[in-house]
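Just so it is clear, A, B, C, D and E label the chains in written order, and each chain counts residues from 1 on its own.
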Amino acid sequence: MLIVELIAQGLVQGSIYALIALGLTLVYGLLRILHVAHAALFTLGGYMGVLLTNQTGSLGLAMVAAMLVAGIAGVLMYRFCYEPILHQPPFVPLIASIGLFIASEEIYRLVFGAYGLSYADPPLQGQVAIGALRFKQAELLVMVGGALAIGVLALLQSRTRLGIACQATVTDPQMAESFGIDLKTVRYVNFFVGSALAGAAGVMVALLNNLVEPTMGSVPSYKALAIIVLGGLGSVPGTLLAALTLGIVESFGTIYLGKLLDRNAIAFAFLILVLMVRPQGLFAKR
Amino acid sequence: MLQLEGLGCGYGMFQAVEDLSLELQPGRITGLIGANGAGKSSTLMCIAGHVAMTAGQLRFEGQDIGQLGPRERVKRGIAISPEGRRLFKDLSVEDNLKVGGLIHPTSCYAQDRDKVLGLFPRLGERLHSLAGNLSGGEQQMLAIGRALMARPKLLMIDEISLGLMPKVIDLCYRALEQLRRDGLAVLVVEQNTDRLLRVADDLCVLESGRTVWKGKAADARADATLTARYLGLH
Amino acid sequence: MEPLLSARNVTVRFGGVTAIDDVSFEVMPGELLGLIGPNGAGKTTMMRAIVGIHRPQKGSVSLGERRLDSLSIDARIRAGLALSQQLVKPFREIDVRDNVALAAGAAKTRTPLQALVHVDRRAERQVALEALERVGIARLAAQSPRTQPLGVLKRLEMARALALKPRLLLLDEPLAGLNSKEASELAQTIADVNRQGMTIILIEHNLGEVMRICQRLVVLDNGRKIADGPPQATMNDAAVRAAYLGGDADAAA
Amino acid sequence: MEYEISLATAVGISVLFALSLNLITGFCGQISLGHAAFFGIGAYTCALLAKAGVPFFATLPAAMALPALFGLVVGLASLRVRADFLAITTMGIGFLFVGVVRQQDALGGEMGISAIPDSGLSKLAFMLLTVALCVLTALLSQYIRRSWMGQVFNAIAEDEDTTRVMGIDVPRFKLAAFAIGTALAGLAGALYASNLKFISPDSFGFVESMTVLSMVVIGGIGSVPGVTVAAIVLALLPSMFTFVGEYKLLVYGGLLFLMMRFSPDGVTGALRRLMARRRA
Amino acid sequence: DVKIGLNVPLTGFAAADGKSALEGAKLAVAQANAAGGIKGEKIELVVYDDQASPKEAAPIATKLVEKDKVVVAVSGSYSASTRAAAPVFQAAKVPYVVAYSIHPDVTATGDYMFRASTMGEVQGRAGAKLVGEVLKKKKVALVTLKNDFGQALAAGFKEGAPKFGIQITGEYEYGMSDRQFGPLISRLKADNPEAIYASGYFFTAGPLVSQLRAAGVTAPVIGQEGYDSEKFIEIAGAAAEGVYVTTSLDRDSASPVTKAYLADFKKTVGSGSDMVAASTYSATAIAIEAMKKAGTANREAIRDAIAGGTFETPVGKLTFNDLHEVNKDVQVQIVKDKAFRRFAVVSDPVFLAAPTKASLKK
């Protein structure tokens, strides 16, 4: 029984990781940037979700708006922050991204206050019983939403010409252009979709915790990096599986290894262990 | 079809090609030769829109295309098989071909692909391998095949026979002759001048970015100084 | 006489593809061996298996008395192999001469400690200049490889291999990208190097030059060895002609 | 004057730490996002030994040897992973270090170690020692650069595969870079512990790793003077910016970003461009 | 001017508490200045942001001592940073009054250190007394925040538990950055405890309590001063009702000092005061009062004035023992109708005695 519950809890956590990591995978897959500031968009989504729900009373509306805002912010971030330094060695965008992330955490603190925000009347807090398991409605939303978003994306990526076009821009953007691929559009679309998903994850986490804080992005941002590596870099289904696996590993780890390692360390210990056995990641294509 | 007038191009301060005038016509194969560093690849990349044009004019089917980006150029019918092949290494052979045909409707794909595979059966056996894992020659075939997928009106091939075995070189040249019959304009860079002169209609010789000889390929062989100095023939 | 290099029953598979299938051959000291075959026959793979970039699933490779199979790439190079690759990869941050000098400094870069205590590199630069001279690009010694055209880079690659002073030199399509005049010059250089005592394996599609300078040919097709013998006789072999030569066979030969 | 001495000591420790990473990332091209872990191992070694009664100078060799040992292990592990995984793997090492130390009561756990015995040196002498070690490290770095080892590091940074084909034992050289770099990081950590007299796991986390990497990148990958200057500036930045009060991190983050955005090759690059313009 | 140094976390994860602390200190200084300062001299508060990080705190302390030359210093920060700053102040013989950091090392550093609140262990023992004696629950699950705050509380609770016949069914730890407690709660539920003693700050406790209730756990939750913020009630919402909190601020206090403080705070800052603000206010006020008594020239005299004085503060009447710890009652508040209300006062001069130099030696 405990085991089943732990697995269920792991899946909830894993779904959130998946939503966040997905955007990172898209960006990494496309531009090879370690986009730490992605987590800032996750936080932004959370704030938008809470503010708009409190204003309008409609979670659905807030969710759509949060995704839009995060998506647009992501595109702007790409356009003004990354595009000019794309041809630089990888740690240049990494440091820029970290600078951006630190600064944005502070901006949230200054704009929305240090104490964080909560839903005035948190929606989706009702209980649903599935067998002997009890879930919050919000938890179910997280799992279903995560699976759906990723399923659709995976299909898009592997089955459509746009997906192939995206991958072509990775190896040789110049040649991709020479075969009629519009680099700008491809990159904007990717940033928009990835960031919007992070925004959605932010709203959902806010639902689970009823709290958004300026620093809520820091833990997921680094863990999401671990996840995209586990998932084999750039593969959408790999990312989903890796995120869920990590969620479950953490769920058991906090209970059974908690005395040895803290939660972050468990995730990274798992990552390093996996890489030693499978240097190409858990679910890499090759 | 394509007119270059006083074309100049280069990298930053460095001028790779100067004052190049050339006319490429449908149904004709033009050869571009010259020693290492003469500026052949730069010319091709400039026509494709990747190297900055610093002087002159570029007209395709009567329209000035000098200001267009590479995307517009391929849509108008200019395709390139570049130096170094520059395949999409992490995509399969099939996906590379798909990208080649991206500007055309999906319905054209199967037909175009079969044409390419007919030309290079070896690629058919490797359809699902990653392009980066192909052998040198296979990569060259794929690069040419990918350019063909764009259904170009003007096809540019850099170092066409590089890394190919004699049998495949023959195949390639025979394919060029077929393309010529289909009315394409073809611009070929080739080190094996001897082989090139047997199919080319026109020839242009570059040295250090300047045109040193231009004319009918048939006349080139007759020109003794040319053969001795630039064509590297014995 | 003992062979310098012997490859025995080498098999290399990539997933489902068998790139080399049970191939054995030997190279005698002082020999210039041509390794030819259609595109995708497995020549490059064979070369890389000898150097250790690919690990054969089966078979073994020895250099003289020494079994190479358990050695890492760099250990094999230090044991006396040198490779000039099909795809050229110079170090772009240093000039042409220092690219070669780095290879010439093999004795000083054997271990980190040795590398740490040595600073002087005049001797290596001298060796580098000589190697560049040999392949005909000494005048470009101070240039950055970044902007050099392919033809120059091909020769740079070969100069680096020469500077290692190997017992066995492996050349993968060194003539590709050169015009006929340059190709024959470089082929002559290869022949000269060989005459001075260097053992060489040459992969090349330029059959004219191969026939001119090689003493023996090994032909691969589809991962298998289909012929092994003196150039003229091998080229007359029906199977080889069918696999390798197009309508142009006679012109090339 | 007193305050300036304390500041100079802190800055010196940062410079030493940054130079140690510069050896690994700047020279050998191996990106490390977990370098603070080695700084931490050095600090903990020094602190625990000092508490056990070992005199300060005797703790230093151990505080270098132990991180170097761990550095070798991490180096060995990192040899196995693909190049673009290395960043995340080393980042994981950083988290692992903090995560493990936190849970070990023997290492002071979450609470850290306080009341670390004094080095026995006066403030001024300690500062001079720190500065002297910085200068030595800078000289060593410059020497390595010029030696054959520096050549090989450059080659590895640019293209590992080709370096191997030239007969160079790439793994050993990488390990050497890790060992030297982590040993020096450990030395910096020991100075840190004995200067502050209090350490806790939080001081060796991801943020510290990133700060030191920023120093290297902003200084201009591989440039010893550049990295030194960047380390000095970035170490002073927080105290220079106390007047911005609660905007401190905003300014810091913003500067990191702007620096990378407008001068990606760091201070060295910016200077070079400035010189070029003046000459032109 | 007379300078008082203050280290607070204005940025980073603890920024929320830092902000409260700063407001408290500012209020104390403003009131003192309005009342004429110290013998006519104005008081200036020199504030630095320590991000609650020891790495930042030590240089800040050095700067306060060596550059700003403050007469006394106040910590409005967490234990980690306060512990790192303490040796610097001690070495420079600058009296350092610590508001709410609870680690024993602080006062153990030396004779210039003072703590204006109860140590973590003491509060933990008070928690045990509350659970065992007042609430009469015997099977308790321990949920501990893994930092010095949480661990000190847990240690105190475990120390006191046997005395009240409390059996600890299980101890669970979590990290400062955790907000998702699913696995922990699943496991805890299996123990079926009668009460849950859970340490944390409002930003961890809010999600923890709400997730506990959502998972169907109805056992009462006992928190500590870390919970003591209106924000806790906002985050946990309905789940906050009935949560007990051991703290130093009694919002229903009859003491005129406390009442006046609560009113003044509300007036100047706009929101209600929490424990952090009240403690930092108190610590600052103690420093000011000591300076009034001993003058500002002689730090030794100021130290003695603090050590020997009795101070009426919003968190109670404080005197310092030989270890410079205070003995005071522990307030128990309960959340009722979205507000903290007095529930009980735990007082036991022996059992809740602060450690002394003698007890520390043992």
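Everything that follows uses one rule, which is that a contact is a pair of C-beta atoms (placed from the backbone, for glycine too) under 8 Å apart; a residue touches a chain by one contact, two chains touch by 3 or more.
Owing to the predicted nature of the structure, the values given are computational and were not obtained by experimental measurement.
Trainee: Which chains lie in contact with each of subunit B and subunit C?
Mentor: none
Trainee: Hop across touching chains from subunit C and tell me the fewest hops that reach subunit D.
Mentor: Shortest path length, in steps: 1.
Trainee: Counting C-beta pairs in contact, which two chains come out on top?
Mentor: A-D
Trainee: As a quick test, compute the distance in whole Å between the mean CA positions of subunit B and subunit D.
Mentor: 51
Trainee: Could you tell me the distance, in whole angstrom, between the mean C-alpha positions of subunit D and subunit E?
Mentor: About 36 Å separates the centre of subunit D from that of subunit E.
Trainee: Between subunit A and subunit D, what is the gap in Å from one C-alpha centre to the other?
Mentor: 30
Trainee: Could you say which residues in subunit A touch two or more other chains, in rising order?
Mentor: 106, 259, 262-264
Trainee: Would you give the residues of subunit C that are in contact with at least 2 other chains, written as numbers and ranges?
Mentor: none
Trainee: Would you give the residues of subunit D that are in contact with at least 2 other chains, written as numbers and ranges?
Mentor: Residue numbers touching two or more other chains: 102, 246, 249.
Trainee: Mind giving me all the chain pairs that touch?
Mentor: A-B, A-D, A-E, B-C, C-D, D-E
Trainee: Where on subunit D is subunit C touching in the complex?
Mentor: Subunit D residues touching subunit C: 143-144, 146-149, 151-152, 154-155, 158-159, 161-162, 164-173, 175-176.
Trainee: What does subunit C use to touch subunit B in their complex?
Mentor: 14, 17, 37-45, 86-87, 147-152, 173, 176-184, 205, 207, 244-249, 252
Trainee: Would you tell me which residues of subunit E are touching subunit D in their complex?
Mentor: 10-12, 15, 47-49, 51, 53-56, 58-59, 62-63, 66-67, 79-80, 83-84, 87, 103, 105, 109, 146-148, 151
Trainee: Help me check something: in the complex, which residues belonging to subunit A touch subunit D?
Mentor: Going by the criterion above, the answer is residues 32, 34, 81, 84-85, 88-96, 98-107, 110, 222, 225-226, 229, 233, 259-269, 271-272, 275-276, 279-281.
Trainee: Can you tell me which positions in subunit A touch subunit E when the two form their complex?
Mentor: Its residues touching subunit E are 1-2, 5-6, 8-10, 12-13, 106, 109, 114-116, 118, 122, 125, 127, 134, 136, 205, 208-211, 213-216, 218-219, 250-252, 254-255, 258-259, 262-264.
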